[in-house]
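Listed after this line are the structures, all set down as structure tokens.
You will see two complexes here that share chain A, one where it goes with chain B and one where it goes with chain C.
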Partner chain A sequence: MRNYVLKKITGKTFFWLACLLAIFFFIFPFLWVVMMSLKNPEAAQAVPPKLIFTPTFENYKQVFNAGDFLNAFKNSFIVVLLTLAANLIVALPAAYIIARWRQKWLSFAILFTQMAPWIIFLLPWYIIFKRLGLYDTYIGLVLSNLTYLIPFTVWLLLGFFEDVPKEIEEAAWLDGCSHTGTFIRMVIPLVKGGIITVCTLGFMFAWNIFLFPLVLSGYRSKTLPVIVYNFQNDNSLDFGPLSAAAVLITLPVIVFILINQKYFSRGIALGGRK
Partner chain B sequence: MSDVHIHRAGNKGAYKEDSTLINRVSEAFDRNIRFLFPLPALIIALALFLYPLIELFYLSLTRWSLVTQEPRTFIGLGNFIQAFTRDEHFWKSVWLMLYFALGALAGQFILGFALALLLNREFRGESVVRMLMLFPIIATPVAMSMVWVIMLNPMMGVMNYLLSVLGLPPSEWAAGSKAVMPTLIMVDVWHWTPFMMLVLLAGLKNLPKDPYEAAMIDGASRLQVFFKITLPLMQPYIVLVVILRLIHNLKVFDEIFVISRGGPMRASETLNLMIYHQAFTAMNYGYACALGLFLLLVILAISLAVFRYRERSWSY
Partner chain C sequence: MAEVKIENVRKMFGEVVAVEGFSLDIQDGEFIILVGPSGCGKTTILRSIAGLETITSGEIYIDERPVSKVAPKKRDIAMVFQNYALYPHMNVRNNMAFSLKLRRLPKKQINEIVERTADLLGMRSLLDRKPNELSGGQRQRVALGRAIVRDPKVFLFDEPLSNLDAKLRISMRAELLSLHQRLKTTTIYVTHDQLEAMTMGDRIVVMNNGVIQQVDSPQNVYDHPANRFVAGFIGSPAMNFIDCKIHGDKGQFFAVSPGMRLKIPEDKIARIKDRVGQELCLGLRPEHVIHSSLVDSSDPEILFKGSVWVIEPLGSEKLVYLRPENQETLIARLDPHVHIKLGEVADFTVRMNLAHMFEKTDGRIIF
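This part shows the complex of A and B:
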């Protein structure tokens, strides 16, 4: 009996040790960047690293004073919101029809768009966008974001639309409701969970995307990831301000996902199953 | 009776008068939603996928630089001949892309599976632990790559300090031409193992309980249970997540671009990076397009293979 208890306790200790080690591995860069962002230049470059120091907010001030940072914040928010809205307007009706009349070649097309490295499409886009005056505009960035978000949205919503019983729609049609009206008033509320899931993950994708705005935005529409990257190019050894910039750009998306945690986990699980 | 009839007829007349152009258009729209609803998505697909591919194909046959105003010269297959026979870095970049993708995949799979097995139980704080482990997926890749740049700095970074604490010699990390690829793979393993863990954990939680009870009655050892029961039952999940990760690993750009920029001495310039550099740094736009077309065909072949495999195994 005592032996059994002992075994159970050591098993539990081992489990929690392993857990803590794993958490440490994944969380360490986050702890480190927050710490670095609060150090003065001297402490930030100290070898061996100082764990005890007087925190300062100078780095954050410096980032905000860098001028284009706030502008990039605004750009990022506008592009993300426009992307999410446009995505729903385009992808919802398409997903609905595809769910009702499913076609196989379409799954291949979607799979392919998810597989193709983005750099391939960027090469012609860059030329075409310049020709059409879409280079360095919000519309251009939103269009580029739609190319990965629409296939993802259609893929994820197919399952949700298929779960909507056909009888509900047929009843609405019999009552004289138009097809479009039925779709907007009856079907869309029933897939609300799917829509929130798509928007949660879409926010993350669009907020984090780097390569598209790197190539397709100029002075006017630069988003946060591009600004932060340029910032690193110019001050590669200013660890403090760099860390502050990294914290500021990551914080919104982490907070947003934590708020919508339930939908995020479901979206990842669904995306994985399909 | 006739009164009612007249009334209805009058109403109908009013309706007829009301059925203006707008009314008729909206009715026609409603009858054809089957074609009209997917139309915007179709237009976007044609404009942003199909047409650009045509443009890509044309550009790949030309010599053209972005900066100079000189016209594009049509050189046929010249770019491809250049890549396949003369450019020493081309095949190396293909190899680096595969090396990175497979190396990261192996690390993600082993670590992710181990973690999934570890967390496949009920315990207090389960959701907190899982959420903390998801942080790397959520965070902005560019920002986190920058954090790694800071931590990996050979002189002042914390990683070499950690090595010295463990009594190990310091590494050059991303600054060394030998160390750079393993370093990038390590960062990608850090970034994406949680995803692997999450999908495999969902699979483990869905496994039937009966085989395990039977094995316990038969007195099978833990290793036997793992190899004879868990692994075969998990196969569909494993295949799926391995394919997903492999595809994704082939696309990785941000981390490599921020941490090593393909260097030092092109030691980590994967095909993705090479295309970017040829287009926007070396200003060989036509050449970059040819490389892009090559990559596209490779990816297309892989997708077709994956698609046929999926059709066979899950009859999608």
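This part shows the complex of A and C:
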């Protein structure tokens, strides 16, 4: 009996130690960046690194004073919101129709576009967007994001739509609802978890995407990741402001995920089921 | 309330014929049961009436108006689904009010109708609950309430009790019947449960392989089945079928089979006298096979011996599985107090005046 209790306690202790280690492993880089963002230039460059230091918000002030940052913040928000809205407008009906017509191969066909490396699209896009007047515009950035986001969203939402019983739609038709009305009033609320999941993933994707805006945005539509890139140049690496900018960029994503955490983890599990 | 007329309906799914030549006139206020084994086409017909399936040919009329090209929402029918199909994100009140809201009725009137219906079904206290907070029986009631509030011309039920436990099924069956007696709405009810079919319908439509086998009152279907399929499908335990040959002897006729020589009653002879030497199929309901101790004088010409190999005491009756010599098993429904032992070889007699004779080839009835 005593042996059993001892074994149980030891097992639990190891389990929690392993959990803490794993959490530390993943969270350490972010903690490090947060610490760097609060250090003055001297402390930031110190070797070995200083763990005890007087925190300062100078780096954050410097980031906010750099004229581009707030503008980029606004650009990022607009591009992300437009991307998420357009993504849902296209992907929701597409996934619903594929699910109802049981043409799963279509979703895999759409996913094919995701299998090509992103870089091969960039030059053609640059030329096409320039000609169409979409270079350095929100629409251009949104379109480039959608190319990758829509196939993934359709694929992820399929499982959710397949889980909605057909009889619920039929009951709504008999109750007097149109097909579109049924889709909006019955089906959409039932795949809420899926929508939140794809929005969270879409937010993370569109917020952090660097390569497309680097090539397709100019002065007017620069987004946050591109601006952060500007904090470093060929001659120096300004760790403090760079870290502060990185923290500021990450915060909205963390908040978004924390709010939707409940649906997000369940959504990932459900979406991957079928 | 409405009359429903189904005229020569055919429904195909690809190359598969699900329903063929289905014609039926349903009277105003009638309770019709569609019954048959799985895949016989009964649900397809129901869904075609609802407009959820497009029929390949034929026509469906609701109050003399052809509806085969009319959208489901314009047919003024309500359907209760097998799995209830309640709207999971709405509470009971909103589930019931949904159709009324779509009709843009005033809020006050909607509330009145919903609450009156909830009272009728005894579920006023459930109005603010979500479907996942209800038991199977309560969900069934909500589905019913959702159909009733619309005051439709026709109710369609697709095996609505099949997900309930046996006890609840019996009480819901009675409730549905009493509801129909109060509302008098034309009702079409699909089931594969013959007990529901027998107890609930004004008329039963027995289907097999997409084709109507018989349409009649439950008692007539039981007493006078149109063919061997109906005879075997309706009734529990099922009718016993015995392959036999017709023998004629000095103006008397017998159904002869190994271990049995059963005299055919005088009133049936006219239908059998030309069939001497032919192989036919004798149909005996379990209650028409009787232990000889239960009859005063057993006519030796309708007597046979059978060994008892299973006894199922059901309280109100006793089902006895017996094997006449070289025969398939027969089931007899006996009085629960009859003394009979496992393994015993006993004398049994048959009510030949209530027996049926079928063609062996296509199952058509002879008498």
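Here are a few things to note about the model shown:
Criterion: the second predicted complex is superposed on the first by the 234 of 274 C-alpha atoms of A that agree within 3 Å, B and C clash if a C-alpha of one lies under 4 Å from a C-alpha of the other, contacts with A are read in each partner's own complex, and residues count from 1 in each chain.
What we mean here is this: a residue touches a chain if its C-beta (ideal position, glycine included) is under 8 Å from a C-beta of that chain, and two chains touch if they have at least 3 such contacts.
The structure presented is a predicted model; accordingly, all values stated were derived computationally and were not measured.
When both complexes are superposed on chain A, chain B and chain C end up sitting side by side without clashing. In the superposed model, A:186 lies in contact with chain C only, and not with chain B. Residue contacts after overlaying the shared chain place A:15 against chain B, while chain C stays out of touching range. Contacts of A:239 after superposition on the shared chain: chain B is touched, whereas chain C is not.
Using the contact criterion defined above for the overlaid structures, shared-chain residue A:250 touches chain B, although it does not reach chain C.
Once the two structures are superposed, chain B and chain C can be ranked by residues of chain A touched, with B on top.
Contacts of A:30 after superposition on the shared chain: chain B is touched, whereas chain C is not.
Shared-chain residue A:175: touches chain C; no touch with chain B. Once both structures are fitted on chain A, no C-alpha atom of chain B lies closer than 10 Å to one of chain C. Overlap of the chain B and chain C contact sets on chain A: residues 178. Within the complex, the chain A residues that touch chain B are 15, 18-19, 22-23, 25-27, 29-30, 32-33, 36, 45-49, 89-91, 93-94, 96-98, 101, 104, 107-109, 111-121, 123-128, 143-144, 146-147, 150, 154, 178-180, 183, 204, 207-208, 210-211, 215, 224-225, 228-229, 232, 236, 239, 242-243, 245-247, 249-250, 253-254, 257-258, 261, 264-265, 268-269, 272-273. Interface residues of chain B facing chain A in the complex, by the touch rule stated above, are 26-27, 29-31, 33-34, 37-38, 40-42, 44-45, 48-49, 51-53, 55-56, 59, 115, 118-119, 121, 123, 129-144, 146-151, 155-156, 158, 161, 164, 190, 193-195, 198-199, 202, 240-241, 244, 247, 250-251, 253-254, 257-258, 272, 275-276, 279-280, 285, 288-289, 292-293, 295-296, 299-300, 302-304, 306-307, 316. Within the complex formed with chain C, the chain A residues making contact are 165, 167-168, 170-178, 181, 186, 189-190, 192. Per the touch definition, chain C reaches chain A in the complex via residues 50-52, 71-73, 77-79, 81-83, 85-89, 98-99, 102-103, 146, 150.
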